[in-house]
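Lettered A, B, C and D in written order, each chain numbered from 1.
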Amino acid sequence: MDYTFRYAGAVDRARNGFAAQGMMETLKAQMEVLKPGFCEITARIRPEVSQQQGFAHAGLAFAIGDSAAGFAAQSLMAEGYDVLTTEMKIHLLAPARGTSLVARGSVIKSGRSLTVAEAKVFAQSGDTETLIAVLLGTMMAVTPK
Amino acid sequence: MDYTFRYAGAVDRARNGFAAQGMMETLKAQMEVLKPGFCEITARIRPEVSQQQGFAHAGLAFAIGDSAAGFAAQSLMAEGYDVLTTEMKIHLLAPARGTSLVARGSVIKSGRSLTVAEAKVFAQSGDTETLIAVLLGTMMAVTPK
Amino acid sequence: MDYTFRYAGAVDRARNGFAAQGMMETLKAQMEVLKPGFCEITARIRPEVSQQQGFAHAGLAFAIGDSAAGFAAQSLMAEGYDVLTTEMKIHLLAPARGTSLVARGSVIKSGRSLTVAEAKVFAQSGDTETLIAVLLGTMMAVTPK
Amino acid sequence: MDYTFRYAGAVDRARNGFAAQGMMETLKAQMEVLKPGFCEITARIRPEVSQQQGFAHAGLAFAIGDSAAGFAAQSLMAEGYDVLTTEMKIHLLAPARGTSLVARGSVIKSGRSLTVAEAKVFAQSGDTETLIAVLLGTMMAVTPK
């Protein structure tokens, strides 16, 4: 699908929104790419975000996958709109082992009020990427009160 | 439903598994209760786990809700079994504002290999609890290799 | 939770909507109960709605579970509103064997535009009811154009 | 991804399983394609499978989407294995209007016991196809008892 930004300041809006999230700082996550209908977020796999076997915690894959899907959805919204996840499903496909995770979110269907978006999360180790999670959920456009 | 532990060391197994998760330490989460088929986990709402409006990030609700559901499922498993989330859905119902979140996970259907479990997450503020998220997902029993 | 109808004609609106669905007639489904925030729908298990082992098809559990959740949600909406499922998850917990299925839908969180609702589906055999499916999803209030 | 059948009789197994489902006959659904990791199922939009506005019922999109995902998953299983949906999520994206629905199911991750599969459902009208639903769920390999 071929999308275009509906707001010239979409990239700045996303970067400011991302920077305002204490959680992204805590997880050492970074927004790498924002294009119309697409967002990429990465985070290193560190002991601070591990589960009991030393792999990355499902909560990390969820947090960056959900954010990538959300910012992909927001990229298609007009000026003044923020985005809220109403529901999200995650499938965990393989252990998240490696040096970092990369989440790539994209829009499936963009509507006036609701957007359906997905994300794929890969574990990176050297030059290899392994798909470790897929997410599918609903985003709602909201205007700040 | 009336469940019983299938392993006398179930509470210690859960506490050890919880303590080995770097993510739970990073989120300052604590396991408060483990009973047969039930688990309660809390976490304070701090700037380090916030989203852009200062409320708790969806990633926090997911992380403690998913863990509460997972440890509820594990509580019914025999000795030597660990638990893995295969998929989980979260609905975000209201802004997570207040002093802390509490997640209560419980088992809906316990099977040999798969368990279906749910969690409800509440925001606490003074004496008030507000339901801010519900989760429903699938857990798989695994033996450590 | 304690709900009340927001439209005095809610029961008639639901019965008319139900009767207008060719699919419910094809599945021989019947609306048994509509109360504020709650709906019960039944369907007999017949060869025409079976899967390959002779049990009721997952599509039957979905169709009546989704409808029960939807009409539960609609029961709390003002005059002139219809309801639409935006997304729905179903867990299939046990084979759907017996004489009939009964789906009980109820509202978890009722909002202006979106409602989160769930349904439990039981297989009935003599005096016994077995939980065979749970559903959790999102309903949107729409005005007919 | 590049898959191959693990059982030479995979196509016949699928066609026999499909033919044994009374529900598929009731919905006038047809299996059009079975390839390794992929299945296509169609059904005409008829008054017998309508919702209250005359479009195809969500239950039809679910039934053929779930079946397409399930037979895609089964296509990669060894001799003697049948497939069971353990959970499935459907997003309804647009009204299902037109002459027929086509569901295309494909495998995302094939595992020993669990397979994650998705389906896209399109409404066909003349030469046009409109995406009306996406499904994402879990299939379990089972041996008949």
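The rule is simple: a contact is a pair of C-beta atoms (placed from the backbone, for glycine too) under 8 Å apart; a residue touches a chain by one contact, two chains touch by 3 or more.
Bear in mind the structure is a predicted one, so any value in this text is a computation, not a measurement.
Chemist: Using mean Cα positions as chain centres, tell me which chain lies farthest from chain B.
Modeler: Following the centroid criterion, the farthest chain would be D.
Chemist: Does B-C or C-D have more contacting C-beta pairs?
Modeler: So, comparing the two chain pairs, more contacts are at C-D.
Chemist: Express in whole angstrom the distance between the two chain centres, defined as the mean CA positions of chain C and chain D.
Modeler: 22
Chemist: From the C-alpha centre of chain B to that of chain C, how far is it in Å?
Modeler: So the centroids are 29 Å from each other.
Chemist: Out of chain C, which residues touch more than one other chain, so two or more?
Modeler: 86-87, 89, 91, 116, 138
Chemist: Could you please specify the touching residues of chain C with respect to chain D in the complex?
Modeler: Against chain D, chain C makes touches at 17-18, 20-23, 25-27, 46-53, 57-60, 62-63, 66-67, 82, 84-92, 144.
Chemist: Residue numbers of chain C touching chain A in their complex, please.
Modeler: Its residues touching chain A are 86-87, 89, 113-114, 116, 138, 140.
Chemist: Can you check the complex and tell me which residues of chain A touch chain D?
Modeler: Per the touch definition, chain A meets chain D at residues 89, 91, 93-94, 108-109, 116, 131, 134, 136, 138.
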